[in-house]
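All chains are identified by letter, namely A, B, C and D, in their written order; residue positions are counted from 1 within each chain.
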Amino acid sequence: MSRIGVFVCHCGLNIAKTVRVSELAQFAATLPDVVVAKDYKFMCSTPGQEMIANDIKQHKLDRIIVTACSPLMHEQTFRKVLAASGLNQYLLTIVNIREQVSWVTHDIEEGTAKAKALLNGAVYRARLLAPLTSRVIDVNPDVMVIGAGIAGIQAALELANTGKKVYLVEKNSTIGGHMAQFDKTFPTLDCSACILTPKMDSILQHKNITMLTSCEVSEVKGFVGNFDITIRQKARYVDHGKCNACLACTEKCPGKGVSEWDEGLVKRKAIYIPFPQAVPQKPVIDRDSCTFFKKGKCRLCEKVCEQKAIDFDQQDTFIQVKAGAVILATGYDLMDTKPLIQYGYGKYPGVYNALEVERLFNSAGPTGGKVTMRDGREPQAIAVLHCIGSRDKNNSEHCSRVCCMYSLKFAHLFKEKTSADVYQFYIDMRAAGKGYEEFYNRIIGEDVKFIRGKGARVAQSPDEEGRLIVEAEDTITGKFIKVPVDMVVLSPAMVPRADSRDIARLFNLSTDKQGFFMERHPKLAPLSTMSEGIFIAGVCQSPKDIPDTVAQANGAAAEALTIVVKDKMELEATTAMVNPASCCACQNCVRVCPYGAPFFNESKGVSEINEALCKGCGLCASVCPSSAIIARHFTNDQVLAEMEGLMEF
Amino acid sequence: MSFEPKILGIACNWCTYTGADLAGTTRLEYPQNLRVVRVMCSSRINPSFIFRAFQLGADGVLVGGCHPGDCHYNTGNLYARRRLAVTRKILEFAGIEPGRFRVEWISASEGNKFAEVVTEFTRQIKNLGPQNKFKISQ
Amino acid sequence: MSQTVTPYLEMSQAIMEAGGEALKKCYQCGTCAGTCPWTPITDFNIRKLVRFGQLGLDGIEDFMWGCSTCKFCVDRCPRGVEIIDVVTAIRNVYSGGGMLPQSLRAFVGSLSARGNPWSGDQAKRNDWAKEKYPLYTKDKEYLFWSCCTVCYDPRNTRLAKATAELLNQSGLSWGLPSVDVNCCGESLKKVGDLELFERLKNNNLDYFKSNGVSKIITVSPHCLASFKKDYGDDYEVLHLSELIARLVKEGKLTPKKDFGGVKVTYHDPCYLGRHSGVYDAPRDVLKSIAGLDFVEMGRNREQSMCCGGGGGGLWMEKLKGERLSDLRIEEALETGASVLATACPYCITMFEDSVRTLNVDDRIKIKDVTELFLESLDVNIEELMAGASDLNFTCKM
Amino acid sequence: MTSSFKSIEENLKAEAGKLLESGRVEIVLAYGRGYDENHPMPFVAKHPSDVANMVFNEYCIHNLARYLVRYPRGTKIAVAVKAADCRAVIQLIQEEKIKRDDVVFLGIPVYGMKNPKTGEIIDSKTTCGMYNPVLYDVLLGEEVHGQKIVSPYDVLADYEAMDKEARWAFWKKEFDRCIRCYACRKACPMCYCDPCFIDQSKPRWGDKSPQSHGNLMYHLTRFHHLAGRCIDCGECSRACPVDIPLYLFHKKVAKECEEMFGQAAGMSIDDKPALVNFRVDDSDKILE
């Protein structure tokens, strides 16, 4: 016989508006084994919690049912109340009558009836709840940060400064990410390299940070506190241990490859560093453009290298890394605007996308900072087209947040570096950050022409050779406007990395429609995810500017710290166990478990479950024909009892 | 009084249950015939739960899980897809209208899909009328 | 017109109830007006029209007739607003109050009295066929839906005859509809008279049902789009060019005559291309003809320029310099082509007009893909086409 | 009949004798004399001398695979297997209940077996309808070819065509007659769970007494437990004292599994049982 306490919450009016809470409490009192049935305005408030604690002691309750909001909201809160009053925290059931009843109906009859049915089910289930002790495991103190753009760099530094060991994994041959490609940053027009390279350098110098460039994650095992991650170190054909970065090899190399760093605007050598301040400042060889790999001869760089650091038969290697928490900061790509044929990107040489223009401005870029077009001319008239692919049902429905601001920055830089007229085709000028509106006013002051109308088409000018015509509707005058320009800059949508879905699958995250990682809660937990111990920061979660990215990076570092700062960790106790008496050795459980928790004990002839690896999904319990596996807290009889209770009314 | 069906919902905690909560926070309305049991993964659902649900008098059973590839436990729902498909075929061959048992993949961000599915499924069950084949009459 | 306006929300509510529901999704970004081929050459502005619809402002009547429903804006709208439905709804709400322009009054009157827009005698619908071709009966596989324009308009009866002849040559079992069918109503619906459209539609549906029609071939993309979108989805509807392309590929029809290098360019009718997604079939048919030197215009396929005939445009007066068909003819001439091929009777009519008003009819001929294909089958054209003329009704000569 | 029952019996005895003498196997599972000629019984030979009372005729319908799991793991066993029985052994190997090299397959190609109860010829209406064993170490007769191949699922046609109410009435009548003697479970080589789920009380999946909803839960869950594993040998139906046509339901589930997962039970030892396996691109259609 159990002594059940039922506590019904009004949640102010949220529940009480469409569920007769006091009637519900009286109904609860009539159910068998219910000793105490009360309703109160705010169960999750301190007086509410104290009421439960007192009733437990006073009435010696051994099961608690809280009928309030979703268990995903306050199950932990009430578990702590039980633990504090000496009752095992798993002897608790939450009945969700807010999100799934009162908020989804206006009919108080319907709401109350459904609440009664749910409560009845909970009472059936509560009777069969068993006390569980959650297990404690040790936590690996290190943290892994994936992606070394400004978000990854910032998070790695914050963590390393607290004394924690950080593994910073970067797919590219240098850290820095897209920010290192920019010349200036809005709104302060700080030189991007000036504020970023010191941080990149402190990453290089920091004793707690292991930098793993040209690396990708290939496999993830384990769970929060004990991740076991396999990193694939791609072959660089240069032994960075020996290389002293004299870069003699890069002068001699005849190989010609398209420079990804300069967005394909210029060629680069086969053995190269992406940009002068690259960290590590040691070259890598690109197989596809190296004449040795292509035709089997050359090896000039090897001859020139005094350190004998060139090694053509280097293979990909795998590094095993253990970590207690992981921060994903994989950043973004710009949408490929070639499919939008109306803008002629890829067809007309005068059409550029934003990152290409960033490289044009950059003094380490292909044109040394001079704004010259692909055919060498300096543009006299430039049009910047906003919202290309963004805010567009047919491409990316989201607003990419930063294009208005960097388009304004472009306008300023064009005005500063050329004598060109600059036109901005925009829908809404979104300048909502600190100092952003002031920056917008400053740009207006610099005589930039703003046309409120989305760019509709870019066509070749029929009469002037090599010039383009931007067609749009100036919605303010309602006139169809054709603006002859030399250069068109597209501000494309920010979209997640092409492989963001594979990384999400590796770390067990879900993504939204576009492929941005899904946070645990959009407002209250934007940096954590549904997977314990995996955190996200920066644009991989959704488009944002550098200040927000840095803030998120610090936040993610703090959240990761909450895990690795403790050396022990309490794990959910709702794992599974095998009742050897009923096990018929069919080994179904061993075959299905995604975590390899069950194993077959040959000597005893039965299966057993390694509870450290078990995550409590219950798959083995449902494939076990003789129901020998008990999925704690969701056992067969608990689920069957709850179903019976739900169907009784 | 028109026939008000009793529908049992079994929802996976990470996706469909969270989606149901989202339907609540965005104040979408849907009929209240559904009573939801929360399990950690759609793969926790033992086929015998479904047979027992119909025996307990459920007029319809709705199972909700994560989209294939989204499962919090990697492959849970991929096994569940096969097991629940076989359950469906057994129910159908035994004589239960196929419309009474339905499996839907609803992710944590698809609050509106959850509301639509529940509304449409409730209407479908109302048309099929009460289920008294498996039902154990007390 | 005073500069002060007050929102008249009952009007915008009426527009939304008449099918313009999507206008509330529009955030006035101007892409539609920037894309619309009419904005550069007329004072019509689709974004402004939707804006007036959003707030029910008066003064909307002046420019609600400029749209030829070419669907360019719908394809590009970042909010996915079904702009054509909004235009149709606005016209429905306002044309109720006698706001119909003068030139459309005859068009609507003829449709409601005679079931065709050309004031042709209903009984004479099949006279172009001179009893040479079979009527549709239950046992036949295909119904060749002869659009009113190819039945009554002398220039376009050539299309009807060419199609009929091709169907015979292909050996398919087909038949013509009887005279008690009427116009598919596509243009009528876009002009806004939804009630009359329903009546015409139901009359046709009764004919289809009582005769067990399942497969329909249309020569006009307007009938094609209307049957596919508004007539329910239990009919398999094909445009003639799709059927010919398939027959050529299956080897049932093979062009014989060599055209000796005549340069031909192709204009994608909006209702065949953007509305129905058929781009390649007509091109395959043209390219299957030996000696036909095919050349594409600058604005082709999804970016094809509208001829101006849609949405009632065929029956409306356009000032000189405000006619898209003129611009399209100039674009065709630039390719050096001597034949402008297309696949829609409306486009044929508009282009035949423009070719004469620009008096370049000696430098470029207007041909339907069907006519060209028939010529390549060395059928005796003159004898077949006796009675048809080069000029159509609306010719100004 | 290419090789007569007699010649198969001779070969069986010879092979069994050789295996026992060489010590290659500890026991041989075959058929022995029953209380009369028409009712042979499963027979276990441990010494070469036992081979004498082995017998083989058209009534040896038992599926000897079910005895393999009753010996301690690792015992070397030779087993006489007809076409269906051989698939059962393969399925047991797939489920790692026995190891391939612990078993010697004595394959028997055969047709024209008779059901001892009714005397009718057993054909693809109540079994998988295969003539030759899928896998064997020794073949005790010539392979049977040229026989009419009838799909084992044709018999389902008119049951599938039945409307739902009629089919429910049919199965309710059948399941109500079940007396819960569990002979079907005993006869089935795949049912090696001890205790079976229906025998348990925590949770009580179904009533123990033989009335409709307890029977329903038992049979439906068993059909699910055998999905993708049942090799359609028909033993359960032949063993049923009240003749419930269980083979129909098993055939239907086997047919659906084959269609949905593209894999029949027990056809190859490297297959993985269908319901403990998945394909990422299993189509969602199977759920509609």
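The rule is simple: a contact is a pair of C-beta atoms (placed from the backbone, for glycine too) under 8 Å apart; a residue touches a chain by one contact, two chains touch by 3 or more.
Note that the coordinates shown come from a computational prediction; the quantities given were computed from them, not determined experimentally.
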item: Pair sharing more residue contacts (C-beta pairs) when A-B is set against B-D; value: A-B
item: Distance from the mean Cα position of subunit D to that of subunit C, given in whole angstrom; value: 68
item: Length of the line joining the C-alpha centres of subunit B and subunit C, rounded to whole Å; value: 49
item: Gap in Å, rounded to a whole number, between the CA centres of subunit B and subunit A; value: 30
item: Distance from subunit D to subunit B - Cα centre to Cα centre, in angstrom; value: 35
item: Where subunit B touches two or more other chains, by residue; value: 47, 52, 69, 75, 79, 83
item: Numbers and ranges of subunit D residues touching at least 2 other chains; value: 197, 205, 275-277
item: Contacting chain pairs - touch in the sense defined above; value: A-B, A-C, A-D, B-D
item: Interfacial residue positions of subunit D with respect to subunit A in the complex; value: 73, 95-97, 192-197, 200, 202-205, 225, 272-273, 275-277
item: Subunit A residues touching subunit C - in the complex, by the definition given at the top; value: 341-342, 387, 391-394, 427, 452-457, 471-475, 478, 480, 482
item: Footprint of subunit A on subunit B - complex, ascending; value: 6, 8, 13-15, 17-18, 20-21, 23-25, 27-32, 35-41, 43-47, 49, 52-53, 56-58, 66, 69-70, 72-76, 79-80, 83, 107-109, 115
item: Complex contact set, residues of subunit A against subunit B; value: 70-72, 96, 98-101, 103-107, 110-111, 113-114, 117-118, 121, 505, 508, 510, 512, 518, 530-531, 574, 592, 594-595, 615-619, 621-623, 627, 631, 634, 636, 639-640, 642-644, 646-647
item: Footprint of subunit D on subunit A - complex, ascending; value: 582, 584-588, 591-592, 600, 605, 623, 625-627, 635-637, 640
